[in-house]
Amino acid sequence: MSLDTVKNALEHPGVEQPFAELGLKPDEYTRIREILGRRPTSSELAMYSVMWSEHCSYKSSKVHLRQFGDKMPENDAMLVGIGENAGVVDVGQGYAVTFKVESHNHPSYVEPYQGAATGIGGIVRDILAMGARPVAVMDPLRFGAAEHPDTRRVLPGVVAGIGGYGNCLGLPNIGGEIVFDPCYQGNPLVNALCVGVMKHEDIHLAQASGAGNLVILYGARTGGDGIGGVSVLASETFTENDGGGSGPAKRPAVQVGDPFQEKLLIECTLELFREHLVAGIQDLGGAGLSCATSELASAGSGGMRVELDTVPLRDHTLSPEEILMSESQERMCAIVEPAHVARFMEICDKWDVIATVVGEVTEGDRLEIFWHGEQIVDVPPRTVAHEGPVYERPYARPQWQDTLQADAAERLPRPGTAEELKATLLKVVASPNLADKSWVTAQYDKYVLGNTVLAQPEDSGMVRIDEESGLGVALATDGNGRFCKLDPYTGAQLALAEAYRNVATTGAKPLAVTDCLNFGSPEDPAVMWQFAETTRGLADACQILGTPVTGGNVSFYNQTGETAIHPTPVVGVLGVIDDVERRTPIGFAEEGQIILLLGDTHEELSGSAWAQVAHDHLGGLPPKVDLERERLLAEILIAGSRDGMIDAAHDLADGGLAQALVEACLTGGNGARVVLAEDLDPTVALFSESAGRAIVAVPRSEELRFSDMCKVRGLPCARIGVVDGDTLDFQGHFTVALDEVRAAHEGTLKGLFG
Amino acid sequence: MTIRVGVVTFPGSLDDRDAQRAVRIAGAEPVALWHKDKNLQQVDAVVLPGGFSYGDYLRCGAISRFSPVMESVIEQAQAGLPVLGICNGFQILCESHLLPGALTRNDHLHFICRDQKLRIENVSSAWTSDFAPGQEITVPLKNIDGGFVADERTLDMLEAEGRVVARYLDVNPNGSRRDIAGISNAAGNVVGLMPHPEHAVEPLTGPTTEGLPFFTSILKRLVNA
Amino acid sequence: MARVVVDVMLKPEILDPQGQAVQRALPRLGFDGITDVRQGKRFELELEGPVDEAALARIREAAESFLANTVIEDFVVRVETEEEK
Amino acid sequence: MARVVVDVMLKPEILDPQGQAVQRALPRLGFDGITDVRQGKRFELELEGPVDEAALARIREAAESFLANTVIEDFVVRVETEEEK
């Protein structure tokens, strides 16, 4: 194909262009022609098509995501909000923290190892681009049924990829989720979260300003990988058998990561920041150079001119369109004042990182790209990056919602005898979703950097950020697709409430939120309704809890044929703790301590793990949410930690009280004697998933002080038992040896994947 | 007199700052050494930290072994400079032939991060003199290429000369021959160790603080020297 | 007993960080004139029976479905000649 | 331009967990009759100049000192025939 220049586009306006193959709708193509006043060149078409894809433009979600801004709670901590690579939050002592969760779902299904690995790579670069040193990662994952043969292909690959990349980068993995459900069979969810730390003055933004400043591309060479990755792998054209990708030519849609290169990129970039050599910066992720150049130029004050033929290539046969779309990993783009270029290059050289001046910031307001002297792109950058199409997709509550909600799990048969109750408990704690996850988490380095205070299986991951003062941050991610399926509004709030509670349980004060919204096709009104309800629920809850959404990601088209995954918002909450010495772990480590149950237990079994494990049932209404109660519970847990009253605490969620006690006992290495509430059916007492609850272990000397505090503040607090022995003894019901529980709980994943 | 302990940073080193912290907590002064620089800045001892130097591409430690800094480390180690290689550092020492044997893929083929129980078998090396003979400790272990292998003759020699510095207890986490977790050279100044004592020096961030004697041993020896 | 070799290499267009690392290191070690390095895997399979077309077909199938990840890798199956052994 | 291949395999007496894992998996996938599997590395080197004895000697040296760890690995250097390419 000959070079399609701007001149050519003017001279040959009638050329037919493959906009549909690139995923553009006829009216979108028409709009591009109107913007440019001519037909786009093939390079321009490539840029618009990737940048206007759902993945990059948020065209279906934008109108809903706006609520996160509109309903944003007053929060002094927020330094940078939605719209940048990641939000930034003030955590005191001059420190700022940036964090974000993103999806790499489709690529991880096609090629689990590399898909997951590059998912980590991408989110780490987002955090780095804010000016921060990445300090930890987390990996919320969803797979198909645990016993399904394809899960045996996908899960070990994904886990090895996350470990292979993250371990090699030297970032501790401090938490995540592993959930199995048949709804994710053809659509596993691989979400990745990264958190980074910087001083306030180190915040960097993605903008190109100052005419004459240079555009420097640095990191890996550009190859043919991932071309069409955005448009193929993250778009509606994705189908189950589309492994090879259907991008242009026979370029692979799969990207291969090089964590070693990324590690150099991190150290190199941090040194560039330290010497104040960077005026603006953007990572290269989805849509590669198209995205980085147009976003930098769009957010800046001037225009930009790029000489595309200067881009260092791994494959010299690449066309300019392909170079613009390539998603080769481990690349960054910086805006640098001319006076700093020499030093910039020196530092890159020190780290063996290839750096090339590929363009400059111009006076005008156009993004102009040249190929061997000929102009191939001449566009207003905003129209590419920030003023893409916006859809108000139709949405409607699905017809089946009422039927589903009417089919409550509270009516299902319950275990009748003590023996049955015991068997049920063992079955629940051994079920893949509730079983011990060490088989996975042992493949992740949690120690590197030497600041990990809490990691798996604790309620939240916690890292120290200042060795002198002990200042630290805690993070938890949660999302329950089953609850969301039953009621997306409430389900989203439950996800937030749980992550918020997890952070507070470890003693940290919840500050801010990131979210990854994993859904089916936005073209399905039922899915769009789930999405609308989810965003509304999340925004409302964030407002009440005072924790703003600082950024996140939307992943649509997670569906096979007509069947969408459960709506699955994954919510990450970041908290701060003044002194990590004060953290509260989950394990019952001290015999003789008193176990207290905080909060109210209702008959709420619909959507629960019990309903799934015992009856393979999903129906009814999810547990009720009481955000004021969540707030109060959090305040008590934080106060208890701060004042040294509690030695262990564990939030109640999936699997209810039974699961929480089992985890606290196994982790701490001690049994417990427990009295179940008389006024509750034992199945409800053990397995209800009512929100707003936690168990705590307090030394006898602190019991009164702690329960008085609860009473004064109006938080229900019941003494349910004592840490003791090597059995779990539910008095009057059944006793089970800790060893038996341990074998059940720890054997499952090893048996399935080991 | 402050003891100065160099910690080398190779491209892809990860636990270099952790090793520096451990050195500091032990009461010595950490000195950052750079792989491209032959100058060891007159340090009293050197730690080759964990990580994935050069991405562990080709073989762990294979590329780092040829770095400028290793020229000096090899030369001075042969002359008695105490050198501790942790994990990737152990691999580099084997590739450099300062230590015999090699480290190969874990027998279960996975990366493994766990709190590992060890027995200190030799308390006469430069890096283990602060342990009690036969002391049992628990420190983190994390690697994917941690299986120590050598031919039978070499293994017998290591045993006979008391050069097995630490052995895995309870579980052999990677298929290491004879449960070997660490070895020393004949002179006892060069030690390679697969587990990570630098991650067990603070109660807050480690499973124990039982890794600390590796770093205090060197002080005692140097101060007494 | 016969030996069949399966060579698995990353497809040419896929990034090969290992090969690149080796290539960058070679000149530093004084080995010049090597313009490209790709690193792959070599499997040596010992067969019980004769290495006939049927056996090779099965091995090709194993390579396709298991030994190679054909999303990113190509493979070649060949019978090892005595001399190579 | 010519291609030289360096095959690196673990010595027979060294345990090869990767090969063993493959061997154990094959029957489960329905591939029987394979009595032993060893997994090694294959390097493909592209040379600038001619592949003469001098060039091969240099590559053998690179293999000896760098591409293989001769404590545990053996290697073979060979010029790739056109047909194999």
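The chains carry the letters A, B, C and D, assigned in the order they are written, with residues numbered from 1 in each.
Throughout what follows, contacts are C-beta pairs under 8 Å (C-beta built on N, C-alpha and C of every residue); 3 or more make two chains touch, one makes a residue touch a chain.
Here the structure is a predicted model, which means the values were calculated and not measured.
Interface comparison, B-C versus A-B: the higher count of C-beta contacts falls to A-B. Centroids of chain A and chain D (each the mean of its C-alpha atoms) stand 41 Å apart.
Look at where the CA atoms of chain A average out and do the same for chain B: the two points lie 36 Å apart.
Taking each chain's centre as the mean of its C-alpha atoms, chain C lies 8 Å from chain D.
Multi-chain contact residues, meaning those touching two or more other chains, occur in chain B at positions 54-55, 57-58, 66. Counting partners per residue, chain A has 258, 260-261, 352 as the residues that reach two or more other chains.
Chain contacts: chain C has residues 17, 21-22, 25, 29, 39 touching two or more partner chains. Taken as a contact graph, the chains fit none of the simple arrangements: neither line, ring, star nor complete graph.
The touching residues of chain C, when paired with chain A in their complex, are 10-11, 13-17, 20-21, 24, 69, 71-72. Residues 1, 7-9, 19, 22, 25-26, 29, 31, 33-49, 55, 58-59, 61-62, 65-67, 76, 78, 84 of chain D are the ones touching chain C in the complex.
Looking at the complex, you find that chain B touches chain D at residues 58-59, 62, 66, 94-95, 100-102, 104-109, 147, 149-151, 175. Those residues of chain B whose C-beta lies close enough to touch chain C in the complex are 54-55, 57-58, 63, 66. For chain A in complex with chain B, the touching residues are 160, 163-164, 167-170, 258-261, 263-264, 350-352, 441-453, 464, 467, 580-581.
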